């Protein structure tokens, strides 16, 4: 009873709450990091150094008037933010935050579940998240959101192809689709896959930026062109849901990249006895540290780079990323068959 | 106890809903979606029997059906777009000319 | 017991959303219901132990094909509703009658009484265990030729779709 | 009655999406409205609608006396108010045949060039912001702040300076101000390199700006373009060189010109203008002559009957004033401005045609308009 119901439920509650808190603080982190990059201070008023800013933001968004445009498709207009938020959260079911810890004499795994199609699950759930953006643009019955949602659907589908193709080469290396098994494979092969699959690593990073609509691929919400894109007509809590979904997706991408390429919860040099002392740091700490590096990288990129144009984005996706992904997959397959 | 009969009845019902959609609706896009429902009804059958016989062949066939559905959707929607471009309609009742 | 409850819930939702797909007034709503329907079908697959197929159902159907439908629905923004004009020769009642007859027929066949488990097919000697591995093994051994043909079909469909949809070549 | 021609093959192509970009839009730099006709994301045609900021400055000027008008010129190009002041004052001085002391001309040059840098800072910030590089915006504003501080120290205002008078300047420069200007030049040198690090060789920046909005020299001239937008097309027209005013005839500087006439070349031209401006400021600041800061101006300014046109090189381009005096009254009979932003803006439809929506904002940024000047 405890093992089948109580512990998984507890884990779900903890992960969901941690995610939501993490996401709100991601927003603060982003504002702070970008402010530092731009020689500003960022939020400073709410709490010391602005650390209570997320609370203030949440309160503001919740008590704000929630406007539905008169000519909007009300049903879809309400559903769209939920559709984009739910996939962003349920992906966390398969992300391994750490190996095992013993709590109160009980071995507890630090992931909600480990299904043997875990990676495909992540990809497929992410692909459903597209609907939130597309439907938001359509339901608003407004021109800028419509343009944005057409951009978004084309962009997300194209980059999904590239990312999925790239992930296959990692799966070929690991021999499994399970997230936990992929980490274990990195332990067994004595090398993080970032060194075995550097090309795939870069491709997944770029594709991940595009999949989460982050700069320089933030065309669907390009503020300067489309005045906010698909969420132009949204306000209050529904807008906040889109916002949270974007940041939740960012955390998902960092977690997946960490799991696939940086050995997940493993410390550096997991098999070298001389570095055994690194195991004193708990596994989840390594995981969070590595994920944080990517989150920071995403913010850094946003502060630095201009935005791509729609046609250039498509060219990059179809003419650069996908051919490289296919070539990488073929080479990986050949090497794998011949050498291992 | 859920037997394959249950799955077959579900499949039959889904199939029929799809057929009704094809027969009754006039928006060609919805007709296409009804066809997808029909294909899914078939898939449910295949997977149910695959489970019953403990043999993955049924699932392999379901994958082929998904591939065919993808091909059908791509070409079909291409035709719809080409048609719409010329006649500005997606009403199947107005698609009664072999050429225009 | 749990299996039965799961089946009835999932089957119920599948049928409800299928009906909604067919009856929805707006094509966009239809598309959304179709996605939800496919997600429930995926759940049914998962409950049948076909987890790889369940994921493929979500990835390809819900995340891929239906996005295509949505895309077309959005491109085809109509000035007049598509259902405005009905062919005077249209026999809608006949359509319902035919469908009902077919439901009856299939139902009779389906519930004819479950004879006995068919003899297991020549057991596929898959050297692997696990659903994903088994499906993969079958695809790349016994069903390699159909698999290749399916990929050819997809390629042809892709080219065909481009030719059809492109305004000028 | 003929049935509608539904068998028309290109019906879908004519079904264009009309988008009103502006007057409230984050990247139209004020209250510009561009009516875009889109085919997908491609711009088929663009209509520029202006006048949302029209305050009737030209008409107002006909009812103000000559000194009061200086204050109105502040409100035209409000990001480069000092340049507008200089243009107006020199026109009236020309009408009066007034000799301006050399010291005043030097300080005017310094103020003009500081203003040019401030205006270009604003341009590079918003232009980069439109293309998505948000950091450059704040960097550029940081440096613009230094210039505003210098202006504040000189005349007490930070935006609308009212810093010129007919015949010279209202105030002597504060002690130590020239040192601060030189110090600023030193800081600015490295900051320009910083902008260039972020943009000039950035792949995405290159892709977004190269080949976008290409316009050849003759066509740009025909459209009446001026300033950096014209020089980007390779036409070496600069009023400071061609018809020197203030103390530009005594300064040594180059006029950068582009070759391709695209957004990237216009960007490079303005970046080089930063450097040339600093060069001019250094020369002028080190060589400020002694003498009075304001010339011998009659108590009642009442120019003789006649008309005159005088142009200066504002940061946006050729800013010209055409003034008619009837010789009887203490206000102009006719006051007319040739604003560079307005002339550059009329090239916008030509520039954006055939490009994508994202390029429209890049091009609005690239021609560098200020709506206060367009609408007056």
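Order as written gives the chain letters A, B, C and D; numbering starts at 1 within each chain.
In the analysis below, contacts are C-beta pairs under 8 Å (C-beta built on N, C-alpha and C of every residue); 3 or more make two chains touch, one makes a residue touch a chain.
Source: prediction; values computed, not measured.
Seen from the C-alpha centroid of chain C, the farthest chain centroid is that of D. Centrality by C-alpha centroid: the chain sitting nearest the overall protein C-alpha mean is A. Put simply, the C-alpha centre of chain A and that of chain D have 44 angstrom between them. If you average the Cα atoms of chain B and of chain D, the two centres end up 62 Å apart. In this assembly, the C-alpha centroid of chain B lies 6 Å from the C-alpha centroid of chain C. Chain B has residues 84-85, 88 in contact with two or more other chains. For chain D, residues touching at least two other chains, in rising order: 12.
For chain C, the set of residues that touch two or more other chains comprises 52, 56, 64, 71, 131, 167. Of all residues in chain A, those touching chain D in their complex are 34, 37-40, 143-144, 147, 151, 215-216, 218-219, 222-227, 302-312. Note for the complex: chain D touches chain A at residues 17, 19, 25-27, 38, 41, 128-135, 137-139, 142, 198-199, 202, 204-205, 207-208, 356-361. Residue ranges on chain A touching chain C, taken from their complex, read 73, 75-76, 79, 115-117, 120-121, 123-125, 127-128, 130-131, 134-135, 138-139, 146, 149-150, 153-154, 157, 160, 164, 177.
Chain C makes touch with chain A in their complex at residues 26, 28-29, 32, 35, 39, 51-52, 55-56, 58-59, 62-64, 67, 70-71, 74, 130-132. By the touch criterion stated above, chain C contacts chain B in their complex at residues 3-4, 7, 11, 14-15, 18-19, 21-22, 24, 27, 30-31, 34, 37-38, 41, 44-45, 48-50, 52-53, 56-57, 60-61, 64-66, 68-69, 71-73, 75-76, 78-79, 82-87, 90, 92, 95-96, 98-100, 102-103, 106-107, 110-111, 114, 117-118, 120-121, 123-124, 126, 131, 134-135, 138-139, 142-143, 146-147, 150-151, 153-154, 156-158, 160-165, 167.
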